[in-house]
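A, B, C and D are the chain letters, set down in written order, and residue numbers restart from 1 in every chain.
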Amino acid sequence: MDDAAPGPIYRADPPGGLVLAPLDAFTAVYHRRSGMTHLLTEPAPQILAILGEAGLSLGALLDRLADDYDLADATASALAARLDELVAAGLVATS
Amino acid sequence: MRRLVTGIPHTLGTDARLLARALADPGRVMALDAEGWTSLLTIARAEQLIGTLALRLDGLPLPRAVEAILGDARAAAEQGRRAALWEAEMARRALAPLGCPVVLLKGTAYAAAGLLAGQGRSIGDLDILVPRAALDRVEAAVLGAGWEWVKPDPYDDAYYRRWMHELPPLIHRERDRMIDVHHTILPLTARVTPDPAPLIADSVPLGNGLRTLSPNGMIVHAAAHLFADGDLAGGLRNLWDIRCLVEEFGTEGLAEEAARHGLRLPVARALRLVDGLFAGGRLAGSDRLYVRRLTARDGWGRPTRPATRLAFYVRSHALRMPPAMLARHLWTKWRKA
Amino acid sequence: MSDDTRPDTDPIETTPSRRRVLTLGAVGAAAVVSIRPALAQTAGSVLNCDIPVPDAGRAGSFIDAQGKIVPSGTKGAFAGASRPFKGEEVRRVLNSGGQLPGTDSERSRAYVNYIRRLQRGQGGFTCFASLQMPRG
Amino acid sequence: MRHAFALRIGPIGFRIGSDWRAPIDQLRSLYRDYPAPQDGVADYTVRLFARRPWRRWLRPSVEIGGDYMLPEAAPLPLRHGLLAAEMAMNLQMALGARRHLLLHASAVERDGRAVLMTGVSGAGKSTLATLLAARGWRFMGDEFALLDSATGLLHAFPRLISLKNAAIPAAEAAWPDARMGPLMAATPKGDIRHMVPDARAIAAMDRPATPALLLFPRYGDAAAVRQVPPAEAFVRMTQASTNYVALGEPGFTAMTRLIADVPAVAIDYPDGASGVAQVEALCAAL
């Protein structure tokens, strides 16, 4: 996966594909398609919420997050690391 | 409570025939008493067919305890199906960049295609078939996506690569699930070596980037797997697969497809055994021995008929390898055990 | 980046009232933890089990200090254990230190490293997995 | 099989078959007040068998089998046959249970409200449960508790209480009237003796309770209480469940509901009496 443009499009399951249970700093997530449970800390739930509506490139996702939140560290590398985790867990797919 | 065979009506049998008949003709379970039910459920678990039985009996008026046990089995089968299809999806994601066809085999294929054979079926490892030419790239891709070798053993590894029809087994380090990557459907050591190229060429797209074998390809593979790739352990489940595939797709063109791969005899035998075990057909000659082996299980779930079992075990190894290699293989395994 | 559409442009507003601060996180800090199957704490009640070192399929091989299987006779590595260890013996060492019976500390460490590296499908894995439990 | 016995513990029926008479006789005696499986159909079959025919008599060695088996289970000598039977029954539950979320926890109930206690072996969950039972709580089980994902109710599983080492004389002194199994010395888990739960626990075993407190006890240190944050409680309970992952969404529903509805507390306790006092104080404050 190459971070340089154009880069992959990241997608998450639509909202019905996840069951969320906020606990404290963590949110428990049941992923219906895999039958797996994950505990997420931010920014993972926020990323999933955005990518569940529409697939986005890394840059577009960063822009979207910056629109919705005050980003403490708006770097592509930090976001790419989060996305890699979500991809490995199967919560986000690339195309 | 000395012998628990007394509660089973004679028409249902006292070995795994009890299970075969319940699967084929669910209405017959209405004759079972508590001991008969206990035997049936135990045998079904031992043969890994409890989920299948649960779906076959769904909707019948059953004793409450039985309904509860089969309800659990249905839920377990559904969760197993979900996990199996997810594993296939994760393999798809890993292999998509290669652009080569990826054909699902066995249980995962039946479930993915929504076939009768997949209903309630227990599914273990993920089995996929890929073109031999793509094998090195497939190996690299799965290793890059979190799968690892199960056994870093030089003897086993060399054995697999030289003689087997698949890569040595791989397991995913996060999900703890195994994947078997096949490049043909029988070991290269077997007396018949089916040609995988037409199997892949005739495979059917599932619409999600993965494929299954053609209907006749599935039946041929299931028969090859049943007779040549094991000692008939778990054979009842494999035979039930074949019965469902035949019911769903019929047998048109099957003999030709079987002949193309040198598997005319195993496929013909599988059809006879299906008829004998699941449709009350009369069996003759060595077919009866096969049924003796396939149904060698008592109401406590114990394997029975040790001599028959041993004979099939030796036979399975003899089929897979030339005699000298068989001796070498058994010797190496024995020395290490 | 998109045009500035932020509602709060006053630089003095350091704690915006309507917008949450989100930290994408330092690279390396995990935001996803997956729940894995656990035979967990039940081990003692369900299982009296053995862990061979190494497993039968690789009997005769040596174990190096990191717990890797190496050919028999490798310098600095240890021959396998003469008998399988009981689940309880391994549990004690994992939980409270000490040595596996019949070993010195280096050999014990190598064996424990081997056991920790066990994968599903290898002899002893299920037993080892059943000993895993959260501490505290 | 040659010898057999069937019984029900809470909602779960078992059928145990054995190549030897002794373990079955012991089970039959200790479980004599337990009912038969519902409709006569057991949920699980357990087999105690000799791997080779001569092992029935020559240094008899009990292999553990059944509907669900683990490949590395080691056999036990015949004098530990009752332990083998109990372990095999537990194994069926750990690997096979799908009707409930199976929690590796002890549980007691009062006024329809249950305290769940879980922790590593030696944390004292079993001891605390029996001590609380002696103070009028209803004993629901010291090994497994069964959470129903549809109702959120906790079902009892009051199998024989497995006493270990020093707990054996302590229990014998505390419950002189309790019925006990044979003392099995030097098992892989130390000395083991089984105790039959009190009559009330058996009589009430079909009555579920509402979980009210989730407790992580730890024996040995000075008394202390710590609130356990929800995420930590969630992870610890998933690791204390053998079938959380296998259950899928019902497991998630049951577990998140439990964590949301029930306070989770970790306690250190220096001795049994203090532990009991701590639990009762926590319950009084709920």
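To be clear about the criterion, a residue touches a chain if its C-beta (ideal position, glycine included) is under 8 Å from a C-beta of that chain, and two chains touch if they have at least 3 such contacts.
Note that the structure is a prediction, hence the values are computed from the model and not measured.
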{"item": "A-B or C-D - the one linked by more C-beta pairs in contact", "value": "C-D"}
{"item": "Where subunit C and subunit D are represented by their mean Cα positions, the distance between them in whole Å", "value": "27"}
{"item": "CA centroid of subunit B to CA centroid of subunit D, Å", "value": "36"}
{"item": "CA centroid of subunit B to CA centroid of subunit C, Å", "value": "33"}
{"item": "For subunit B, residues that touch 2 or more chains besides their own", "value": "79, 82, 174"}
{"item": "For subunit D, residues contacting two or more additional chains", "value": "235, 238, 244-246, 248"}
{"item": "Residues of subunit C whose C-beta touches two or more other chains", "value": "33-37"}
{"item": "Chain-level touch network, classified as line, ring, star, complete or other", "value": "complete"}
{"item": "Complex contacts: residues of subunit A adjacent to subunit D", "value": "19, 21, 23-26, 28, 30, 32, 35-37, 39"}
{"item": "For the subunit D and subunit B complex, residues of the former touching the latter", "value": "1-2, 4-6, 13, 15, 17, 37-43, 45, 47, 49, 65-68, 98-99, 246-248, 250"}
{"item": "Parts of subunit A lying in touch with subunit C, wherever the complex brings them together", "value": "36-44, 46, 63, 65-75, 77-79, 81-82, 85-86, 88-89, 91"}
{"item": "Complex interface listing, subunit C residues touching subunit D", "value": "33, 35-51, 86-88, 95, 123-124, 126-127, 130, 133-136"}
{"item": "Touching residues on subunit D, where the partner in the complex is subunit C", "value": "64, 70-74, 76, 84, 86-87, 90-91, 93-95, 104, 118-121, 143, 162, 187-189, 218, 235-236, 238-242, 244-246, 266"}
